[in-house]
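Next up: the structures, one after another.
First chain A sits with chain B, and in the next complex the same chain sits with chain C.
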Partner chain A sequence: MRVVRYIGKRMLFIGPQLFGIILVSFFLVKLIPGDPAVMMLGPLATEATLTELRNEMGLNLSLVEQFYIYIKNLVLHGDLGRSWQTTRPVTEDLFLRMPATLELITLGLILGLLIGVPLGVGAAYLKRGILAKFSDYYGLLAGALPDFWLALVLIFFFYTILGWVPPPLGRLDFFTIAPPTVTGALLIDSLLDGNWAALGSAAGHLILPVVTLGLISGGPILKMTQSTMDRMLESDYSRYEEMCGLPKSIIIRHALRNSLPSVVTIVSVLYGFLIGGAVLVEIVFSWGGAGQYAVQGVLNADINPVLGFVFFAAVLSLIIYLIVDLIYFAIDPRVRG
Partner chain B sequence: MAENSAAGTILNIEGLNVSYPVYETDPVRALRGIDLKVREGEIIGLVGESGSGKTTLARSIMQLISRPGRVDSGRIEYDGRDLATLGEEELRALRGNDIAMVIPNPRTELNPLVTVGMQIANVARYHLSLPRKEAKKMAMAMLEAVQIPDPTRRFKAYPHELSGGMAQRVVMAIALICSPRFIISDDATSGLDVTVQTQVLELLQDLVQQQGASMLFITRDIGITAHYCHQVAIIYAGEIVELASTQNFFDNPQHPYSVMLLSAFSHNPKLRGLWTKVVDAALEGAAESGCYFAARCVRASDKCRAEHPDMREMTDAHSVRCHHPVER
Partner chain C sequence: MSNISAGHHPRTTSERVQAFLRALRYLLDVLRARPLFAVGYGIVVGVVVLAIFAPLIAPYPPETANPVDFLQPPSWRHLLGTDATGMDIFTRIIYAPRIDLTIAIAGTAISAIVGSLIGATVGYYQEVGGVPSFFSGFVMRSADVLQAFPVFVFAIALVAIFGQSLQSIIAAIAFLNIPIYLRLMRSQVMSIRRMRFVEASYVAGTPDRYIILRHVIPNSMAPVLAQLSVNIGWSVLLTAGLSFVGAGVVAPTPEWGSMIAMGFQNIITGQWWPSVFPGIALAVTVFGFALVGASIEVLADPARRRAMAGTMRQRRTKEA
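Coming up: the complex of A and B.
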C-alpha cells in the first residue's frame, strides 16, 4: 500500500518541520519591539516591580534558554504559555477561536469553489462568449479589491441600507444563547444541540463574511480552473474523445476531472493563507477568530498568542497538505501506482 | 471489386484544399486538390513522408482539422452526404460510430484517469444509447476480440499500465466497437516494434474485413501497404501523385517519387531520416507553378519546372501525376 507508506513517511517529517517553524518564528517574534512588562503594568509601574515581573516571565534569561523552556513546555505538557491579555492559556484561547476562523474560511472557500469552478469551466469552454469576458473582469476585480473594503461595502448595502443581515458584531446575536461547544463551529454545534435559534443566528452572521471571502477567493480559483481547463480541453485525449464522437458534456466532465489536482492545489494554498489572511475580514466583522487574536498579540507585545497562532496554523497547513496529497492519490491512478 | 457505381462509393473527396494560416507569411498549403474515392469494403493505403499532409487529410474527413487549419475549397462526401453541410450533432453521431479513427499515440491520447474498459464502453454507450451495463459487456467482448491478454484484468487497467501494443489494441477496440463503415488508421503502428506491429496490423485487417468496413490506411512505410491494401495512393506535398491498385503499383510504380519511396523507405531507417530532412528544404523552394517534386526529381525537365502536371490515367486502375512517368 503506497498510500500508507506515504503517510507514514509524511508523519516522520512533521516533527522536524514544526520544530523548524517554531524556531524561526520564535526568534522573529522576539525581534518585535515592545516590553510586555511595561504593557502589563502600565506607565506608572516602578522599576522594581517591572524587574520582578520580567524575572517571573523568564525575560531575564537568554533567548536560547527561553526557547528551550518554550519547547519543553510544548512537548511535555502541550503548553503554549499564557496570554497576559486574556490571562488564559494560549491553547485554550486558540481552541476557542481557531474553529471560528476555520468555519469562516472553510465556508468562504466552498463559496469560492462554487463561484470559481463553474465560471472557469464555462469561460474555458465558451472562449469568446460573454461568460469569458465576465470571468476576465471578475478575476481582475477579485485580485484588485481589498477584502476588507469589499466587506465594508457589503455591510453598507445589506446591513445599513437593506437591513437583510444582522449587524457585523461577532458570530451570534447578543440575546442568543450559544450551543455547548463541541467542534467550535457554531453551525455544527447548534445543529448537534438542536438549537434552531442559534443555528439561524449563526448562519445570518456568517453570510456577509463568507460572501466576502467567497468573492475574493473565487478569483484565483476561477483563473486556475480556466487555465487548466483550457489546457485539458486542448489536450490529446480531449481531442481524441471528440474524434470518438463523445458528447460535449462527457468531454468537459473528463477534462474537469483532469483539472481537479490544480484546483485542489490552489484551494489548499488559499486555505493555508486565509488562516491568517482573513484577519481583516475578522476585524471588520468583530469575528473573534484566531487571526484577530494573533494581531492583538502582536500589537500588545503579547508573544505567546502570536507563537501559538503560528504553531496552530503550521499544524493545520501540514494537515491540509496531507489531505491534498490523499486527494491526489484518489484522483490520479498514476500517483497511486 | 465493384466498379464505381454510386452505391459502392462510401467516401468521395473532390478537389480538397486545406491550409494552415501562418502569422505574417503565406499559409502552409497542407492539402492541394485531393481527389480520392474509397469503395465499400476497400482498404486504401495512403503513403507519404512526414509533413506530406496525411494526418490533415484524416482530420479533414473527421471534420476536425487542428487549429488554425481551414478548408479552402473542395468537398468530402460520406455515403452521399456532403460532410461540410452537417451540423455539430450530426457530425458527433458520425464520429466514432460511422467513421472511426485508429490513432498513432494511444498512450498520450487515451484519458489517463479513466480505465480503458470504461473508455471503450463510453463510446458504445453514447453512440448506441446502451445502458451502462450493456456497454460494459460489449466493451469486454471487444477487448477479447482485439486479443488482449487477460481482458478481465485489462478492463480495469489505466492507460499508463498498458504496453504500447496493448494500448494500440485498446484504441482499435474503441474504433471498432460501433462497427463503423469507414475506418481511418493514422500511422497506427509506427510506435511498435516489428513483430507486434505485424500482429496488430493483421488483427486490424481481419476485424475490418469481418465487419465489411472500408479503411483509409495511412502509413509512412510503403512496404506495409503491399500486404494490407487493395489500392495505394502516394501523397507528396499535399498532393496525390500516384493512385493505383496494389498489384499495379508494385508491378510498375510510375512516379519517380514512388520509385524513390520504394527503394529508400522500405527497410532503411537511416535513409528514411535523411529523406525527411530533404523534403522540408524542397518544400520551401517548391515553385507553385511547376511540379512540386521537380527540385528533388532526377527526371525533371524544364517542362516540370514550368508546368504543373495533371493526374493522368495511364492504364486501368493506375493514375499518375507526372510529365515523365517511369516506364517498366
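Coming up: the complex of A and C.
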C-alpha cells in the first residue's frame, strides 16, 4: 500500500515538472538565432513566399501564443511539431531514434556494472592489494578520458588495424536487411524476426560503442561500489559476522546486498545523463540516435527536434527515477519499513 | 587557513606566516604520503607553464597550414607528426591549454562565485520562514529544472544562442555549473548556520550580510575548493566535446577537442597521430586536475589531514 501512495505522490509532481522543463526550454530554444523559413526555402526565396511560410508555421504570432499552441498540440494530439530537416513529425523521428540510443546506453551501463561492481567489491575487501590500487587508477582515469576520443582509439585498433569489427557507420551493415520494427532495439527485433544475419550485424556494430560507454561509466560505478562497500564492511553487523567466524563469501554477500541501493542510484543518474550525454559517441559511430538528432537540430536552427528531445529525455529520466524508487522498495526493507 | 574568529582579533604578520608555513608542511606531508597527488600538482603546473611559454617552446607557428608536409608521421622534424593541413601537432598541443584552460578556469570560477553566493544566501534564509524561505524554495526548484536538462544539448543550445565565441562558451560552462555550487554551498551553510559561533554572532547583533560574508562563507569553502579543481577538468572535457561537434572553438585555433575532430577521418585510414596525441594531452590534464581536487579534499578534512601527517611524522621519527 505504501508503494502506491508513494508513487501517487511522485506522480503529482511529474506534471508541473514537465511543464517547467518545456516552458524553460521553449523560450530558451526560441532564442537561437536563425530564421527557419529562410533555412527551409534557401537564400533565393522571395520575401512573399517567406512571409507565407512564416504565417503557416505560426512564426508571426507572439512567443506566448506560439507556446500555447505548442502545449495544446502536445497535450491534445501528442504532437511535437515537424522537423524541417527530415520533413517528418518529430514524434515519429524520436520513436525511431530513441530506441537506438536506449539500446546503446542500456548495454553500455550493463557492461559498466559488470566492470565496476566486481572491481569495487574486490577493492573494498582487499584494501591494500594490487586490485585496490588498480581500482584507484581506473576510477580516476575513466573520469579523465574523453569518451569520443576513446571511441576513436578503439576504432583504430579494432577496425583499422585488426579488422575485427565492422566500420563505424551506423547500426547495421549497408546490405543487411533490417528486421521489422517492434521495439526499435535491433538485437531484440532481429531475434523476434529470427533474422540471424541482422542479429550478427547489429551485435558487431554495437561492440565498440558499448565498450566505450562501458569503460567510461565503469569508473563512477566502481567508485560508488567501493566507497559504500567500505562503509558496510566497517559497520557493526559485518564485524559481528566476522567475529562469529562466518565465511568471507557470506560477509561480502551481506555487505553487497546493503550497498545495492547506492549502486542503483549511481546507475540511474548515469542513465539519465547518458540519454543526452552519449551524443558524442553516437556521432563518432554515425549511430543516428536521439542525441545526434537534437544536436543537428540546434546546429541548424531546427527547434522542434530539440524541444522534442528535451521532452523525451525528461520523461524518460522521470520514468527511470520512478523505476529506481520501485527497486528501492524491492531491495531495501528500510524504505518499506 | 580560515579562522572562526578572523574578524574579531586581527592576527599579526608573524602569526600569519606561521599559519602559512604550517599549511605548507601539511601539504608536503600529504604529498609524501600519497605520491600520486604530487603527480597531479606536477601535471597542473606543467600544463600551465607549457601554455605560458608555448611561443618560446613551440618549433612551428600554431595556425599556419603547410600543405607540403601534410599527415607526416611523428619524426625528429615533427615530434608528434602533422595533421591533414600540415600543421605541427606538438606545437598545437602546447598552445591548446591557452584556450582550453582559459575557458575552463574562467567558466568554473564564475560559476563558483555566483553559485556560492546564491547558495550561501539561500541556505542562510531557508529556515527563517516567510518570504525569504519561499524565495529560497523557488531558487532550489529552478535549479532542479535547470539540472533536468540534458547537459550536452543544453550547452550547445547556449552557445548557439550567445553566438560562437570564447565568451559564450565560458558563459555556457558557467551557467551549467552554477547549480552544483549552489547546492554544495547551501548544504554547507545550513549546517554551519546552526553552530554556536554563528548563533552567538547573531545574538550579538551582527548584521546578516556580515555574518554570511565573514563567518559562514569562509568556513564552508573547503568542499567548494575541492569541487573547483575537479570541475575545471570536467569543463575542459566539455569544451573539447563542444568543439568536437563544431559548436565550440573553431578550426585553426589550437584546441584539443577540435584537433581530435580534425583527425577523425584520418584515424580510419590509419593515420592515428592527429587524434591520439591531443586526446592524451586532454586526458592527462583532466587527470591532473582530478588529483589536485582529491588532495584538497584530504587537506580540507582535518581528521584525514592529521591522520596522514601523523603517519608521516611517525615514519620520520622512526627513520631518525
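Here is the rule we use: the second predicted complex is superposed on the first by the 337 of 337 C-alpha atoms of A that agree within 3 Å, B and C clash if a C-alpha of one lies under 4 Å from a C-alpha of the other, contacts with A are read in each partner's own complex, and residues count from 1 in each chain.
One rule holds for everything that comes next: a residue touches a chain if its C-beta (ideal position, glycine included) is under 8 Å from a C-beta of that chain, and two chains touch if they have at least 3 such contacts.
The structure displayed is predicted, hence computed values, not measured ones.
Q: On the A-aligned overlay, A:S259 touches which partner chain: chain B = first, chain C = second, or both, or neither?
A: Neither partner.
Q: Where does A:Q66 make contact in the superposed view: on chain B (first), on chain C (second), on both, or on neither?
A: It touches nothing on chain B or chain C.
Q: Could you tell me if A:R334 is touching chain B, chain C, both of them or neither one (first, second, both, neither)?
A: first
Q: Please determine whether it is chain B or chain C that touches the greater number of chain A residues.
A: Counting residues of chain A touched by each partner, the higher count goes to C.
Q: Looking at A:T225 after the superposition, I want to know if it touches chain B, chain C, both of them or none. Which is it: first, second, both, neither?
A: Once the two structures are laid over each other on A, A:T225 reaches no partner at all.
Q: Is A:G245 in contact with chain B, with chain C, with both, or with neither (first, second, both, neither)?
A: Touch status of A:G245: first partner only.
Q: Just checking: does A:N304 make contact with chain B only, chain C only, both, or neither of them? Give me first, second, both or neither.
A: After superposing on A, A:N304 lies clear of both chain B and chain C.
Q: Examine A:Y237 and indicate which partner it touches, taking first as chain B and second as chain C; both and neither are also allowed.
A: It touches chain B, and chain C stays clear.
Q: Check the residue A:T91 against both partner chains and state whether it touches chain B (first), chain C (second), both, or neither.
A: Neither partner.
Q: Per the definitions at the top, what is the overlap between the chain A residues touching chain B and those touching chain C?
A: Chain A residues touching both partners: none found.
Q: Spell out the part of chain C that touches chain A in their complex, as residue ranges.
A: That would be residues 36, 141, 144-146, 148-154, 156-157, 160-161, 163, 233, 237, 240-241, 244-247, 257, 260, 263-264, 267-270, 272, 275-276, 279, 282-284, 286-287, 290-291, 294 of chain C.
Q: Give the list of chain B residues in touch with chain A in this complex.
A: Its residues touching chain A are 62, 64, 91-97, 100-101, 103, 105, 108-114, 122-123, 126-127, 158, 160-161, 174.
Q: Which residues of chain A touch chain B in their complex?
A: 236-237, 239-247, 250, 254, 257-258, 331-334
Q: Within their complex, state which residues of chain A touch chain C.
A: 17, 20-21, 24-25, 28-29, 31-33, 136, 140-141, 143-146, 148-150, 152-153, 155-156, 159-161, 167-168, 273, 275-277, 279-280, 283-284, 291, 294-295, 298-299, 301, 306, 309-310, 313-314, 317
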